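Chain lettering (A, B, C and D) follows the sequence in which the chains are written, and residue indices restart at 1 in each chain.
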């Protein structure tokens, strides 16, 4: 086994087990930490595939910003394992079964799809210079348009997040 | 490394994310599971990008992250608003609207 | 004149708009006058068109504007002016006008009178659209329009819950029928790429598109399902008796001039198609015959004056479909015309009776009205004679023609149809005798209140009575006169009519047979109603009391079996079978709705769960089932 | 392109208006003016456009006359909507300017969806459409139902985004491009399973957005919980926009493979028609009934996607306009009433004959009664499906379901005309309200008498 393969399998196992950790751990904080670990594993895969820029962005944006936001909200709400309600066993079981069934069906469907080998040779498409060029030439319209998205998200955060006085229906 | 491996890994992560959304009651965790699904997609996208040696897929991943960030901003705002009203983030209590 | 055909539907539309917009503010009288004048104007134009078509014998398509033009689909908004449509125009506007005039008096005390006239005008407008359209789509628009208007008018007195239910029933059943029509229409469009009559019939008669008769049968059957709903044939007829909930003139309009004749019109219009679809034609004949018998037998046992008339309409429509089914298209149209006269007459007459009785509709509480209401009584009698088929009255000519055509087609069907005709004579005269002869059985107040109706109501009755007598002479039977004016007039539209070639002696024989039996039935009816007894069981004392042995004989041989058959059919076939099935469908939908609704649990997790399950299923189908 | 820029600019202008103008009414007026201006921009762009599609930014967008005409119509519907429910929007909450800005952004999303050529633009368009909807659904902060609707919509919407992205990725894996015109699928005469899986995922994600069964379950809850003025928008214009994107993808992108996905989509269509119509029967609230009816109507619009032919494109645009206008009108009437149940309509014909009259027209249109736009729309999409040739069974089923729909639609008419009651009004019906409702009713009738008007613009 080459180093590449060892790394691949290590990162794969790590990603899968941490993902399972996310959905299985009872404490929301642990879930967040597991998710961050999953993101690190995925970033590792990016590096293996010569997508260095995305690897860094993934860590900075996802693990760094988004997940911290999640963590922050969880801490703010003071949610810990004791207050975390659990779905009953049957529902959890149904969830696992249906998710698993979907996985198996799609797996079986794609089993016969063509086998392409990923090139081992290093390429430079994943480098920041190259991506920057593509982004600002070919993809300049989506780049600009995504500002509308942010603008509406911003409005949303303001409109939704701002505290408003009267609440007609209180907790039942 | 055959592309299949990445395909299956990505699908596995994707389905773990789906299972998570089905199993958990905490809205924040459900939301995190959806982020996990998005990351599974990103991973597959990068693998295909590598296969075709095409940078546009990586740009696409970049946009997925952008959108995810925007969605998270709105999503957490909504969850916080909900929490303020009912002091819970349990999605099972969201059942005033039914039938 | 032909080019002015657009005026015909325009007048009622204007009337509708004026009355519809101003119904809250306008004085009652104005609404009636505007409504009636609008129809009168249409009638005038229709007359002009009729005579022009009669003299020239041509068929014109008046193109108004392009309706749909997309890709290879082109449907213009055009009117077809030919013998068939001009004849229907006359029936609709002529009888419609009389009913409007009648309504001005009948509805005078109703607060919603102007609204009523608005609906009535819209009704006539829709019917005119139906008849005038030069393609199936326009016809369908009118088709739906009359359904809608009947819904509004049947539920006109909406304060009564049963009435709104009756309205809903009428609408839903019509919709079921419309479904068939729509499918048939789409099939035509799909196979022939056109909905225009001229193009479609041209294609049928040796155009470029040649299809198997199988497809023709299917199209014809689908269209016939539409006709079943609109023209109240088995199994979609139960709405019509219930539709009695509306004001009586509305019943007259629905039963005589508009709505129910739409199905006949449509099949007569599509005769080129039906001639190529023998299977569908047989179905039409069988359903028509079955409806004629079933409805006639049910009518025997009814006590509501309007219900009897309603079932008689269903039965008469059955006769018309029988005529269509045996290929005698012109005869069916002939019967539509004569039926329009006498049925409008009888409905308006019954309205006059109900008016006089202060809203009472039960014939058990009537009797002897003839003394107080001479005109109503005499005109009603003329109507009864006409529908029973007494020689000299209009109904005789058309009914005899139907029977003759049926005999030529199949003697077995003839005897069954004759049975239905005899039942008709029986129940109509039972109705007449119970209502107008004998002694009064109602309350004292009612008796005191009895009076002849005002002129606005009696004049239409008289006009219709005259028409009921003379209306039949346009189509004298072949044995009397070789020249059949009616058939000649319709000849350009209906290619192959009267393909029954009976010997003159046979025809005389048939006429004699039916006339004789009808007269016997009238005598039976007279005897059966001479001493009205509405109790269910007649004890031994009753038999001894009775001097007329003949009565009992009649009773045992004819009346009792008829009554028994009638109740049995009413109870089992209609209430449980047909109504049960139709209502059952509704119940099933509601039940299903209640169950499916519960799936909406309000739980996000469950929703996503359903989505995932659905996704898995769709994947399974597309990968492992299709491939 | 001009319209896309204008819609974002106007959205920003509206945000600033909110900062500077404190009075809600003036904000509403400014918004209507800007929407009218946007309509003008659309018309300008349409009139300047040639018959050949124009591509922009390396094939990111491919703007054709159909898309421009659709944009114009939808902007027109939005303008009508804004004028009809302007006052009700002002009542929802404090951030009126922001609501209108979000509506502008949603329009921007619709413009992208009607002219996208790259899957990336499809994705961005859908997100630009969706995120404002989450916010609008939750904008009535005093009402817990509104927040619940928002959170439900957000969670399920994000979930469907994941599925959409999976579909796009698999499709990219199979074809190597994001360009919908450039898709080449055939590998050794066999559709690559990866591509087919991608198509199914996309079908599910877009089916979710248009509320096709079994992905429809969010619809009643969200439409019911969201503030009614915004439900009116979400159920009409937005849905129509996504439908056009759906149709574009499946007929331009996957049209050649239609025999691979047609059966699955036909099953989805049948399920949608069944669930929408059957469940609507038992509802007591008209608002919720309209939510189910929007599912049922989506079932009909799916026919246009199934058909993959020229009539279908025309049918889709007629359907979109006829359905949107009638539903917007109905919601505008609903907003005038205090009680959203059927009983709330009791006796409306007596008290407000005009309101009842136009409501009847809208109901007739939705039920598909001839001489209204709804009939022509249904007729055209079913016609398109018949031209396709394999869908006879589905067409008959749809007609059957249309008969069922008469039941719940006509309950409104019965309540208005045949029942006694004293409906309470939320606000006074002013002269301008009446005028606008009459105009809306006339539009519905015109569409029924001369659908040519809409088709001719393509």
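By our rule, a contact is a pair of C-beta atoms (placed from the backbone, for glycine too) under 8 Å apart; a residue touches a chain by one contact, two chains touch by 3 or more.
What you see is a predicted model; the values in this text were computed from it and never measured.
*Asks:* So which has more C-beta pairs touching, A-B or C-D?
*Replies:* Looking at contacts between chains, A-B has the larger number.
*Asks:* Counting in whole Å, what is the centre-to-centre distance of chain C and chain D, each centre being its mean C-alpha position?
*Replies:* It comes to 42 Å between the two C-alpha centres.
*Asks:* Approximately how many whole Å separate the CA-defined centres of chain A and chain B?
*Replies:* Whole-Å distance between the two chain centres: 6.
*Asks:* Roughly how far is chain B from chain D, going centre to centre by Cα mean, in whole Å?
*Replies:* Here the centre of chain D sits 26 Å away from the centre of chain B.
*Asks:* Just the number, please: Cα centre separation of chain A and chain C in whole Å.
*Replies:* Using C-alpha averages as centres, the distance is 69 Å.
*Asks:* What positions in chain D touch 2 or more of the other chains?
*Replies:* In chain D, the residues touching two or more other chains are 120, 124, 127, 131, 134-135, 138, 141, 144-145, 150-152, 155, 159, 193-194, 196-197, 220-221.
*Asks:* Hey, what residues on chain C touch two or more of the other chains?
*Replies:* 597, 600, 602, 604-605, 608-609, 612-613, 615, 619, 623
*Asks:* Tell me, which residues of chain A touch at least two other chains?
*Replies:* 87, 91, 94-95, 98-99, 102, 106, 109-110, 113, 138-139, 142, 146, 149, 152-153, 156, 160, 167, 169
*Asks:* Determine the shape of the graph in which chains are vertices and touching pairs are edges (line, ring, star, complete, other).
*Replies:* Topology of the interface graph: complete, with all chain pairs in contact.
*Asks:* Can you list the residues on chain D that touch chain C in the complex?
*Replies:* The touching residues are 151-152, 155-156, 159-160, 163, 193, 196-197, 200, 203-204, 208, 213-215, 217-218, 220-221, 260-261, 263-264, 267-268, 275, 278-283, 310-311, 314, 353, 364, 369-371, 375-376, 380, 382-383, 386-387, 395-396, 399-400, 402-404, 406-407, 410, 414, 417-420, 449-452, 455.
*Asks:* Note which residues of chain B are touching chain D in the complex, please.
*Replies:* 3, 7, 14, 17, 21, 27, 30-31, 34, 37-38, 40-41, 44-45, 48, 51-52, 54, 56-57, 59-60, 63-64, 67, 70-71, 74-75, 78-79, 81-82, 85-86, 91, 94, 96-98
*Asks:* Along chain B, where are the residues that touch chain A in the complex?
*Replies:* 1-9, 11-20, 22-26, 28-29, 31-33, 35-36, 39, 42-43, 46-47, 49-51, 53-56, 58-59, 61-63, 65-74, 76-81, 83-90, 92
*Asks:* Show me the residue ranges of chain C that touch chain D in the complex, using the header's touch definition.
*Replies:* Listed in rising order, the residues are 24, 65-71, 73, 77, 140-141, 143-145, 148, 152, 155, 158-159, 164, 167-168, 171-172, 175-176, 178-179, 182-183, 186, 189-190, 586, 589-590, 592-594, 596-597, 599-600, 602, 604, 606-608, 610-611, 613-615, 618-619, 621-623, 626.
*Asks:* Can you list the residues on chain D that touch chain A in the complex?
*Replies:* 4, 8, 11-12, 15, 56-58, 60-61, 93-95, 98-99, 101-102, 105, 108-109, 112, 118, 120-121, 124, 127-128, 131-132, 134-135, 138-139, 141-145, 150, 174, 187, 192-194, 196-197
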